[in-house]
Amino acid sequence: MKRVSVINQSIDTPSSGSTHLPDTQSLDDHRRLPIRKVGVRSLDVPIILHLGSEFQQNSIARFGLYVSLNADVKGTHMSRFVEVIENMNGQWDLQNLKPALELLLKKLPSQCAYIDLECPIFLTKSAPVSGKSGPMKYMVRVDSHLSQGQFRQTHTLKVWVTTLCPCSKAISNFSAHNQRGEVTLTFHSSQSVDIPNLISRIESASSSQLYSLLKRVDEKAVTELAYQNPVFVEDLVRNIADNLKNLPELTWFQVEAENFESIHLHNAYAMFSSLDLDP
Amino acid sequence: MKRVSVINQSIDTPSSGSTHLPDTQSLDDHRRLPIRKVGVRSLDVPIILHLGSEFQQNSIARFGLYVSLNADVKGTHMSRFVEVIENMNGQWDLQNLKPALELLLKKLPSQCAYIDLECPIFLTKSAPVSGKSGPMKYMVRVDSHLSQGQFRQTHTLKVWVTTLCPCSKAISNFSAHNQRGEVTLTFHSSQSVDIPNLISRIESASSSQLYSLLKRVDEKAVTELAYQNPVFVEDLVRNIADNLKNLPELTWFQVEAENFESIHLHNAYAMFSSLDLDP
Amino acid sequence: MKRVSVINQSIDTPSSGSTHLPDTQSLDDHRRLPIRKVGVRSLDVPIILHLGSEFQQNSIARFGLYVSLNADVKGTHMSRFVEVIENMNGQWDLQNLKPALELLLKKLPSQCAYIDLECPIFLTKSAPVSGKSGPMKYMVRVDSHLSQGQFRQTHTLKVWVTTLCPCSKAISNFSAHNQRGEVTLTFHSSQSVDIPNLISRIESASSSQLYSLLKRVDEKAVTELAYQNPVFVEDLVRNIADNLKNLPELTWFQVEAENFESIHLHNAYAMFSSLDLDP
Amino acid sequence: MKRVSVINQSIDTPSSGSTHLPDTQSLDDHRRLPIRKVGVRSLDVPIILHLGSEFQQNSIARFGLYVSLNADVKGTHMSRFVEVIENMNGQWDLQNLKPALELLLKKLPSQCAYIDLECPIFLTKSAPVSGKSGPMKYMVRVDSHLSQGQFRQTHTLKVWVTTLCPCSKAISNFSAHNQRGEVTLTFHSSQSVDIPNLISRIESASSSQLYSLLKRVDEKAVTELAYQNPVFVEDLVRNIADNLKNLPELTWFQVEAENFESIHLHNAYAMFSSLDLDP
């Protein structure tokens, strides 16, 4: 990356070094109220994204980094959160944020540390008949947390699909309304997860998939496929739950679907939680 | 509206009255560079919206107000823009912002004044078969300008519709992909315009319309109607242009359509300008 | 409100009445997976907003309405959610959504019903010295839930303030960086709550308040006041917690503050939970 | 990039090849209305961003690609826009989109082709005293156009800065309100432009600059610097205009500044156009 050279605004500082500046943050706080989370957010940074050992991609992530603060301390030191990002050298494995959380706790000793980040990933996807390929965007997010040695990560994956309405198909002499839908999968896992495999399990549960590039033979195929696989938002979250419920690595998951209805200005929404599965 | 009473933070001011405070804005400016527009924006205010003499509705508008500034003056007086809004007493006729612009020029003498505002309007709309009704949202916007007696307004109207793809219909054995689309109509007019009529001319040019409330008989009707009226984004802007081109009150217009494609994550877009009409 | 008359697109329906249309939603579902929430969202509607018995204001709300769905039923009936909104006749008391939830359960018998809505409110606020007044925007939101007779509401209030950095003040020979900050208060309450009073308790906890209209005497006052009341995000959430912790009507609350730092492109954030208060 | 393998949803196509599918888009259009722009937008793609010959960076760009359409043709071929992106192999020099426009015209013969793209860039920036460095985000955008051999590009650059109010400083016994501001520079150029140099000319025209990482010695420096360099939005756009007006490579420019006022919930805005410079 290039370095910006500041023009006509270099700042001359007098002799006073940083050691002489008061440290307001470290003062005692009289209110005796602990802060659960304090830090920085909406910090955009270019990263090398890793999703387990095999997947690597350039992306741009939006970060949040926080620690807890004891009741008797006035404030945290905000610059150290950014230093943690610098120290990671742009390498982020979303399947394991523990090293970053440990670094954060080393720089800012606290009961808890939190890091969240969200970024797009792109997978090359081939059209179903012509085989022509193009990049398909998905969003990944992780919310992580380290507290007294206990490490926890919540993963989120956003996938967009086609949904075709079963009611519209059943009652109409021909055709059915269909639309773009957004699926949000949130999960806890006991081990590294195959993200492209999860994406496939979501896409295959919909009426039809989205593609960046479709020729006419492909458009015919996805149109007919969608009509043959009508799903309500309810069906979509249930199909996905069916595709995921036997994956041993998912210790908890939640599936949300939101359809940008083609016949309304509002959206249809459904949510399934694995907590509602029979034991 | 209720008044917020400030608790434990009343501000005691010393004897210095406002007449003694320096007026930095009125200083001479040495750079000799005129400012085309200066003012306030993203100011949200509840209004009584008028669209001509018959249409009246409560709404919440986002305002921008600006004036031009001569090369020899350092700054404008920002509080006066907000005073203009206060002086309008919440009554805004989007078909005629000239009185507000004149008030702005009276408070802030300048070559030019600009006001823009954008807000939702709601029309009660009946489902096509059951007749059940519900509120339908549209967006209206006006950009106005008064310069040396010359008054100009540009109106914008956003309407959402259903579009069904003619190609998908023609190549598929059954069904066709369809989706929600957004139409943006921008226009100049020589007189007051019937906004609900413009909305109807846009909605009737699409594959089918959106409704807030549809029973099954309605859903059957709109599904079948859309299949019988397939439109590309190109067709949609042309159909709308056809519906508008003979309205004498429109002295210029531009139609944009954007489809949130149900088979792609990107959108299809088309734009027609009345400047391209044969004379 | 005016009614849109559809031009050249009236839909003629054949003899088949709605009674003959199949009801796909009511079919048995073989997957045996219950849906926790299903319904509609992002539905914008003009309302008469009530906050308890005294406060009334026109606003525009964004709604979400949902019910739970048993494992053996294929789908819910989406149009009934919109009918509930129609049946409320635009009258919404955010302090008590129980009647709306009961109406929803009557139309769509289920274990649980959920309604959330978010809208701006405006309070007339006077400048601290000149006394000149203008409208100040705040956001209110409620997430409500009725399950087997158990009724629960979570309220959210967004208030914007000025924050001035204590560290910057302490280390600099003059001035201090300051910025706009956003406070989000979320709470449960045992009774109707005085929203303007909560707003005052938040605003008075900041370095200085925001106003829509400030004359020079006011700007001098708020500038000096902010410098005399520096707060970190940590101080801000603690000051607010101090101002709220003895309100008996709040049975739980959480305070978040986010500063749009004037010296960074990222934001500072802190969160306090009343669960961390000493019992 | 990894390839998604579709699970249980491979699409079997019957014998009908693409050659037999009707080409609806190529049909004659009876309305005889030309389309000024038609194509795809909101297409996110990972790219290798070039800004002239020396600057190279990974980024993620949002694309729009369009062509004009003659009055007698029904529609364009949407998949070819995406194929143009594929054919560029991710290499995009924002200083010269002509090759991409030519490729687009080759695939979709038309009077005009348009490409726009927007993406973040990151420059490593050192804190003014400690010298500690971190990534700083800027946004770049280009709108390009090729019509009958005539090639035109409009560049846009977004830079965020600190602004401190001169009025607040002049009237207050101490301190002054300050805030984050957003500068948008739009320009035409006759040759390749040094983007980091433009950024420096914008940042040095503000009260103080933004940094991702500031230690206390730096925070002291930027706080004091901002107080010594108060600017209204008017001053900011004039200072930038002064810093740019003698650059021969800029054949036209416009500067906008928007301050997220720390004492208001609305923003202050100013705009300067080089068309208003004395000849």
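Every chain is named by a letter (A, B, C and D) in the order it is written, and numbering of its residues begins at 1.
Everything below uses one rule, namely that a residue touches a chain if its C-beta (ideal position, glycine included) is under 8 Å from a C-beta of that chain, and two chains touch if they have at least 3 such contacts.
For clarity, every value in this text was computed on a predicted model and none was experimentally measured.
Novice: At the interface of chain B with chain D, does the proportion of residue numbers present on both copies reach over half, so same, or stay under half, so different?
Specialist: Because over half of the interface numbers appear in both copies, chain D and chain B meet with the same residues.
Novice: Measuring centre to centre with C-alpha atoms, which chain is farthest from chain C?
Specialist: D
Novice: From the C-alpha centre of chain A to that of chain D, how far is it in Å?
Specialist: Distance between chain centres: 25 Å.
Novice: Indicate the whole-number Å distance between the mean C-alpha point of chain C and the mean C-alpha point of chain D.
Specialist: So the centre of chain C lies 34 Å away from the centre of chain D.
Novice: Which chain D residues touch at least two other chains?
Specialist: 21, 43-44, 82, 136-137, 167, 171, 212, 214, 216, 220, 222, 264-266, in rising order.
Novice: Mind pulling up the chain A residues that touch chain C in the complex?
Specialist: It comes out as residues 21-22, 24-25, 29, 31-44, 64, 66, 69, 74-76, 78, 82, 166-167, 170-171, 232-235, 237-239, 241-242, 258, 264-273, 276-278.
Novice: Which of the residues in chain B end up touching chain A in this complex?
Specialist: These residues of chain B touch chain A: 136-137, 160, 162, 164-165, 167-168, 171-180, 208, 210-212, 214, 216, 219-220, 222-224, 226-227, 260-266.
Novice: Within their complex, state which residues of chain A touch chain D.
Specialist: Interface residues on the chain A side: 1-11, 13, 17-18, 21, 23, 43-46, 54-55, 57-60, 79, 82-83, 85-86, 120, 122-126, 128-130, 132-137, 196, 199-201, 203-204, 209, 212-217, 220-222, 225.
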